[in-house]
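In what follows, subunit A forms one complex with subunit B and a second complex with subunit C.
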Partner chain A sequence: MISLTIDGIRVQAEEGETILEAAKKAGIRIPTLCYLEGLSPRGACRICLVEVRNWGGRLVPSCATPVQEGMEVVANSPRLRELRRTILEMIFVERNHICAFCVSNGHCELQDLAMELGMDHVRFPYRWPLLPLDLSHEKYGIDHNRCVLCGRCVRACAEVEGAMTWGFSGRGIFTLVEADLGDPWGKSKTCTGCGKCVQACPTGALFEKGKATSEQVKKPEIIMEVTERRPRA
Partner chain B sequence: MPKLRVATVWFSGCSGCHMSFLDLDERLLEFAERAELAFSPIADVKEFPEDVDVVLIEGAVGNTEHLRELLEIRKKAKILVALGDCAVTGNVPSMRNPLPREEVLRAVYAKDDPPGLEEGEVPKLLPQALPLHAVVRVDFFLPGCPPPADRIWKFLRPLLFGEQPQLSGPDLKFG
Partner chain C sequence: MKRLFLLLCSGSACQSSGALAVKQALVEAITEQGLTEEVQIVETGCMGPCELGPILLVYPDGVYYVRLKPADVREIVTEHFLKGRPVRRLLWTAPAPEPRTIPFFARQMKIVLGNCGQIDPEKIEEYIAVGGYEALARVLTEMTPEEVIAEITRSGLRGRGGAGFPTGKKWQAVREARGNPKYVICNADEGDPGAFMDRAILEGDPHSVLEGMAIAAYAVGAEKGYIYVRAEYPLAVKRLEVAIAQARKMGLLGPRIFETDFSFDIELRMGAGAFVCGEETALIASIEGKRGEPRPRPPYPATFGLFGKPTLINNVETFANVRHIILRGADWFANIGTETSKGTKVFALAGQVKNTGLVEVPMGITLRELIFGVGGGVPEGRRFKAVQIGGPSGGCLPESLLDVPIDYESLKKYGAIMGSGGVIVLDDTSCMVNVAKFFLEFTADESCGKCVPCRVGLRLMLSILERIARGEGTEEDLQQLEDIGHMIQSTALCGLGQTAPNPVLSTLRYFREEYLAHIQEKACPAGVCPALIHYEIQGELCRACDLCRRACPTGAVQGTPRNPPYSIIQDRCIRCGACLEACPFGAVVKIPGRKG
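Here is the complex of A and B:
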């Protein structure tokens, strides 16, 4: 067992566990976005940043950092709250989020984070990029305007379904998730149509066709349910 | 105690925020005891008055008229509030922002010489619909599309009693 402290609370954790997992067991809330139980951690969004006091205050993503003996972790502080809100605002300006007309309005992890982190407005200038929508799939659609590039779809498809349909194209803010090698999703030779990517997606980017504003409710916990019955990826 | 002078303004929005304000129902009586409506689309006042304590602005800054008025209102009002998502984020009016202004006007109104392309009877459309804080300092943000009446009241009531409103959690929900 490894001993560490999180927000001054003494916590015991298994070797190899992440700071996030240890915090969860101790009942300490750390907000996350790209993390999903059942999938490998990616450290893509940085919302879960924590400060390790005895590493000179270094910031690390708690979802992707294993616990170490004697660590003094700060999981909640005004500084972290401000950093998390800033990261969140950068996510919001990167794409076009019109909650009022989004399938996921009221059931969205990004929207929930905005409330949790007290984001009453976004302080950066919006980019308003022109982005496509792909409705070629029989059952599902993808709206790149709502995508936060968390990669949960990519990992769900590769690690749980084993189809490896999704991947990233481009770099930085120009990154897009794409089916196969940029084909329309409906033309994909690998997609089995299982819908795991849709359920894993935290936002309104992936949705079931026929769902109107506010109607898309996701079940990301099915990823954990499915993987619990087999060795983890 | 003199009554608080409150104004409401309607820019590029659907008027839903004003409808929500009217949804205050019987609370409007309590509002009227402590405040007076100095300027509003629902009051018969032509010029934005000089001495406004609080102005609630619905809608994004969509055209040159909004821009001019907003700059003037900022000078005249002590507390400026962005009321609703269009004022806070650009929201629905900003859905045109990824596209060129000319293209949008031509597609929606008329192929040649659509209104709003140049300054005329209809004010010129700005290249992009902007949230208020992209143009002026905003003192408070009241998100929601529209913000529910309860949320508006939670915000306004403290102001009427000279206190600082403080919205958090579910009261900050966009959409």
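Here is the complex of A and C:
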């Protein structure tokens, strides 16, 4: 067992566990976005950043950082709250997240985060790029304007379904999630139509066709349920 | 019996200024004069003073011919090689001095670049003749891996890729890491604009890198190495391929090197051009065939690297230092430099400096010595304004900080970084807002897009800078630039994002008044930002020659030939400066600030 402190509380963790997992066991809440239980951590959204005091105050993603003996972690502080809020504002201005017009309104992880972190306005100008919608798939659609590039769909598809349909194209601000090297989703030869990507998506970027807002509640926990039932290597 | 040796620099810079044509002309003229038995031409790596290329160094006289053209060659052959009279008008400095006394070289200390420009990089025999692979032989036959690591640790060598991590400590970590096999990677994905240190080493002395990698592999317990080199360096790739093939043939790579139990081989991997792939975890992902994206550390590559195995990853220049430390000892190396930064550092001098090119200086010399001593200062009639050090993620330091010693800590303290060694000298014609914008455009374009602060934050900063350059900025913008910049520094996933705000933050720190001029006076003092300058024609100087009117692409210049003065219709002017360049009388002037 490894012992460390999170927000001054002594916590015991197994070797190989992440700070986030250790915090969860101790009942300490750390907000996350690109993290999803059952998928490999990506450390991309930076919402779950925590400060490690005895690493010179370095900020590390708690979802992807393994615990170490004697670590002194700050998971919640005014500074972290401000940084998380700023990151969230950046996500909100990057594309188009107008909740009133979104199928995920009311059950969206991004919206929930904004409320949790008290983000009632943004301090940066909205970029509002005009990104395409792909409705070519029989059952599902993707609206890039709602995408936060968390990569949960990409990982769910590769790690759980094993189809590797989704991937990233472009780079920087022009990064897009795309099926099969940029084919329309409906033309994809690898997509099995399983819908795990849709369930894993934290926003309204991936959605089921023909379902209104109230019917569009997602079940990201199915990813964990599927992986848990698998025989361990 | 050869009596003359011609060392012709064939680094990339000299090749692009025509070294190969000069060589062709040399061969022809030498054959014509029947001197083939007496004169030997050696194509070498970079000699350093790239500004003066193509360069020919003639031994035993030791004179440099510079800026050679094929047409000059015949005269050199007949006058110098045949009659023994160096052609003075083509020499670097006349009368011919000892090369070591030329100021450009006198202040340098060439260790890593010692062989560059002295040997033919495509001949392993020449490398061996100057002591090549001796260090590897000594390591394999006389030292244990632990002793090698102890020696490197004691030397104080730190990573030359920019971050300056202690090399010995890194080797130790890989040695101790559990897992098999282990890998050694050479990071040759040199991507900083204006930086070409690693290219010169790979082109001029590729075996020194191979030898350093082999020694490292022995120390950490690896049998397989990769060199990740950018595909935009075709000459470096070619010379590495030649070097690897020759080393294999001689048994210096491959199974049972020097008939010991140690086996090691190297493979080349070409980078496809993404700047972020110089970041070690992104580089590893790229070798694995994945998208070149960094991942959070820890775990560090030392424990979880290529294919999930313990991996040592060092930069070209770091590996090139290794053999010297082994041969001359850690104490010798530790004696060069400062308390925290040992040895030498290779810099690529570029921008508004007389001697642009490649230089190697001991750590701890001041920026002033580097720029004014070795570099020769800014060209006549111009004033030094700032030095941008550390590549696109480096900082801009003003004249008042020129006496700062060059070492990892000092540079960081003042908002710049050592980086990989790019040094860009700026004079008073550079606008610092524009400079910051330029570097930020680069890093924002090269952001991989994985983490939010880098992907979105850099774009936000860029749009603020663009606004300021257009004359639409406010003083609050400066505060926001600083806030976002500091936020990205502490929250971005990898080194690219964490250092990308440096050019903006350092210019805000040292050149704030220039930002304020853009905001308050709507003027670009250096006369660079097109929205904040205007052109005027001084009536008393105008001769109505009509050249400016014809040069103007938008019809903004008004006037009738032989009837001065001409004038500029400001509404139509796009401030391209074509009229100013066209005017033979200096009547067109560029004025900071908008008209009116």
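Some notes on this structure:
Everything that follows uses one rule, which is that the second predicted complex is superposed on the first by the 227 of 233 C-alpha atoms of A that agree within 3 Å, B and C clash if a C-alpha of one lies under 4 Å from a C-alpha of the other, contacts with A are read in each partner's own complex, and residues count from 1 in each chain.
In this section, contacts are C-beta pairs under 8 Å (C-beta built on N, C-alpha and C of every residue); 3 or more make two chains touch, one makes a residue touch a chain.
Only a predicted model underlies this, so the values are computations on that prediction, with no experimental measurement involved.
When both complexes are overlaid on subunit A, subunit B and subunit C end up sitting side by side without clashing.
Of the two partner chains placed around the shared chain by superposition, subunit C is the only one that A:86 touches, whereas subunit B remains out of contact. Of the two partners subunit B and subunit C, more subunit A residues are in touch with C.
When the two structures are aligned on the shared chain, A:96 is found in touch with subunit B, with no touch to subunit C. Look at A:118: by the touch rule set out above, it reaches subunit B but stays clear of subunit C. After superposing the two complexes on chain A, the angle subtended at the C-alpha centre of subunit A by the centres of subunit B and subunit C comes to 100 degrees, rounded to the nearest 10. After overlaying the two complexes on the shared chain, residue contacts for A:130 are found with subunit B alone; subunit C is out of touch.
After overlaying the two complexes on the shared chain, residue contacts for A:105 are found with subunit B alone; subunit C is out of touch. Once the two complexes are overlaid on the shared chain, A:172 sits against subunit C while remaining clear of subunit B.
Shortest separation of subunit B and subunit C in the overlay equals 12 Å (C-alpha atoms, whole Å). In the superposition on the C-alpha atoms of chain A, the part of subunit A touched by subunit B in one complex and by subunit C in the other spans residues 123, 125.
Residue ranges on subunit A touching subunit B, taken from their complex, read 96-102, 105-106, 111, 114-116, 118-123, 125-126, 128-131, 214.
Residues 41-46, 49, 59-61, 64-66, 83, 86-87, 90-91, 93-94, 123-125, 127, 149, 167-168, 170-175 of subunit A are the ones that touch subunit C when the two sit in their complex. Across the interface of their complex, subunit A is touched by residues 274, 276, 291, 293, 295-296, 298-299, 444-453, 455-460, 463, 480, 484, 487, 490-493 of subunit C. Of all residues in subunit B, those touching subunit A in their complex are 82, 85, 88-92, 94-95, 97-99, 128, 131, 133-134, 138, 141, 143, 145, 167-170, 172-175.
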